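Below are two complexes that have chain A in common, paired first with chain B and then with chain C.
Now for the complex of A and B:
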């Protein structure tokens, strides 16, 4: 019975992804000009975000213990993580502070399905949202080729799990911060924008040279080290320990737990106060 | 003002029930001067707003209930409580036998909500795409969906803009599409918060006609809030008026008029230019031989007034009108603000 129910849930998630994917495709074909502009903007932003690091790696033939090609792999990994988040959590699902702060969560709450299911599927935008996934994967492939990586099924599994874990780290922190909008709708409406700016600027930075305090801050307080640096250390052999391979996953699970708690508390607050303001801005594209 | 008695409806028929519901908001007060800024930093000033106070209300299946009140009276709070978007501080809310918050997922599948100032439509997609979205998310079986789409397209005249992007619709078209969307899963109850806000006369008439038909033909329970009292009078058999978080009146429109004075306007055209003195009517103005009076039809018979007038000057023509419901309501609000909290 439980198995059948679980299978039903999976089938429903897949059905919803198909729906939102189709809607995204229709949107793309209806406004090709907008689509091209968005895609171009995303690509330019991506190039801008990685160029400085790329030039540094080129100029000094690597950064710290990272060779130039390893830095390119790190950049590709970080771009892929960001691209996957845009692909699966578009339409302000990732920028949840906006939805909460603008009173738009009401639209989700009147849907007859669990809230997690709505949030997991509603932002799926495979055509307009994933412009940077392919360049990211391309960079990883190119760097992997040059590095002569021994790609085994185990390594690919490690890559897949770490990509998911890195995405979950960014997503969880976005929700921890975005939950503040339950208490301060106006003040925290754009808090996720600040977080994502920070991620974009620092995600591909090798942190090896950082002092202990800074390193603790960038992994413990603002877990930017788990977005790309830590998983790439495990993937490229800088850290061959089991702890190194699993640390990003552990961080992702811990942060997901905190995010769940914060969001639940926020929802309770939402039930008490409701949405005190409403703005249609940015809702559903 | 005492808490109103519960409606004397059969329990099995009741689809909406609020028992002793209270809802309070805490509003932080903002500083107006530099000195206050520092003072409120140390000791924040808060104001408690009692949006709803010990509300008892029940609605029977198939009823159309107008829920009215001045700005900030608690109308939208009630609709949010009934549609699972807000939890009460005290009391219980039951709709269709369920707790809207606890049973949210099952519950929202059986109700329809339309907020006049919000949109459920996908902005960059045609109306048709949002309808298809609703079919999948609400899991509406194919034949039922086809039947309902056909019905709402016909009754609400959606065909002319069914393939148009939501952002290109006029306000009236948008509201028709919103209503259609809210009905696709055949809800048993429809909560409408200001559904005619900003609409022109024709769009408003079409929407009101549709809601009436829906209620009559499918026995859908409708609870509607609006500031436009004439809309509500056309639509609802029962009006619940809320003032400062309490139910101040619960009854039908004729009773409302009776209870708060059946105000009417009387125009008398006389041979002479002097306005006849009518002891039980209030003279408003005169224009040549045409004189306007206001009187309370529940207290004075019009034949008595005409008799008095004719005794003073030959009456050439007579015209009488009921005061528009908006005027009646405005008078009621004025009375309440003056300290008379109303009755139920």
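Now for the complex of A and C:
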């Protein structure tokens, strides 16, 4: 019985992904101009996101202990992580502070399905959001080829698990911060923007030169080190220890637990106060 | 002038209206500058000079870029006003459009200056950065260069706003692309002189360089100031008529449906 119920849940998630994927396709291709703009902006954003590090790596033939090709791999990894998040959690599912702060969580709560299922599926945007996954994977393949990486099933599994864990780290911190909007709807509405700007700017930087205090802050307090730097250290052999290989996954699980707790507490608060952001004319105040 | 002062004051206090969480943004920016400084130390320690810039000059450049970031970026509320329909009420106010957006921007600078720029300036010795301009002449010319940079930045802001209307583009998409491009082309993130393949020599003549690279190079004394000031003045003179023409031509095409 339980197995059948789970299979039904998985089937429903897949159906919803298909539905939201189709809607995303229709949204993107509604006019040639918007199609061109989305494609062009995705391309420009991807190029701009990696250009600074790429130019530095070229200028100085690497960055610290990272060779030029290793930096390219790091860039590819970080772009892929960001692309996966945009692919699965678009339309402000990742920027949850906006939905909560604006009172838009009500739109999700009234749906006849669990909240987690809505959040897992309604941000699925393979066309408007997922365009950066391919360049990211391409960069990793290109750098891997030049580095002569010994790709084994074990290494690929490590890559896959770390990509998922890195994404979960960013997602969990976004939800921990976004949960503040339950208490401060206006003040924390854009709090996720600050976090994601930080991720976008620093995700692909090797943190080897950061001092102990800064490194502790960037792994323990704001876990930017787990977005790309830590996992790539393990994948490229800078850190061959078992701790190095598993650290990102441990961090992801811990942060996911904290995020779940914070969001549940926030929902309790929301149950008591609701949202008063919508004015009579339908605009948020 | 009183109405513009009041607009600036309202913009400065609006961010503090709901909660002190806006301060988190400044904490994140502080971390960003710390990471960038550590990156430069990894890259430049042991090198005497790279393309006319010593490690000390690059650290001061990075620090100053963050202290004066809001002035170097020069962003107004224009894109959001176009997005949420607020432009309609702005146009009805008995104030100049550019001046009221500028007053808004100056007001927000006041808050950023007290909450972030001043603490970061005071923390310079703790970060191992010399906060002083390269020379007394640099200290004197920097405010002029910064003001010219703000003038170019405002002209670009209105030119981009008009183009956004002209092409009926999403404010977030347009803004993201613009932010990504200008952070690189302006030299606010990386000093243009350090870029490979002599890219900096090309980028330094673009208007984006007039907004950030020029004042920062004057502050750090890594380039002759007079040609930089002339380039900034030239762009300012060229861009304002262009921005004005673009705005007048396209503003009638604006259609807003609220936020």
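Convention: the second predicted complex is superposed on the first by the 277 of 285 C-alpha atoms of A that agree within 3 Å, B and C clash if a C-alpha of one lies under 4 Å from a C-alpha of the other, contacts with A are read in each partner's own complex, and residues count from 1 in each chain.
The criterion applied here is as follows: a contact is a pair of C-beta atoms (placed from the backbone, for glycine too) under 8 Å apart; a residue touches a chain by one contact, two chains touch by 3 or more.
Remember, predicted model here, so these are calculated numbers, not experimental data.
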Which of chain B and chain C A:29 touches, first, second, both or neither: neither
Chain B versus chain C as contact partner of A:109, first or second or both or neither: first
First (chain B), second (chain C), both or neither touched by A:184: second
A:16 touches, of chain B and chain C: first, second, both or neither? first
Partner chain in contact with A:241 - chain B first, chain C second, else both or neither: neither
Which partner reaches more residues of chain A (counting touched residues only), chain B or chain C: C
Contact residues of chain A, present in both the chain B and the chain C interface: 283-284
Complex contact set, residues of chain A against chain C: 33, 37-38, 40-41, 44-45, 48-49, 51-52, 55-56, 58-60, 63-64, 177, 180, 183-188, 191, 194-195, 197-198, 201-202, 205-211, 214, 217-218, 222, 282-284
Chain B-facing residues of chain A, complex: 15-16, 19, 23, 26-27, 30-31, 106-107, 109-114, 271-275, 278, 280, 283-285
In the complex, chain B residues that touch chain A: 25, 77, 80, 83-87, 89, 101, 104-109, 113, 115, 117-125, 129, 132-133, 136-139
In the complex, chain C residues that touch chain A: 17-22, 24-25, 28, 31-32, 34-35, 38-39, 41-43, 84, 167-170, 173-174, 176-177, 180-181, 183-184, 189-190, 194-197, 199, 258-259
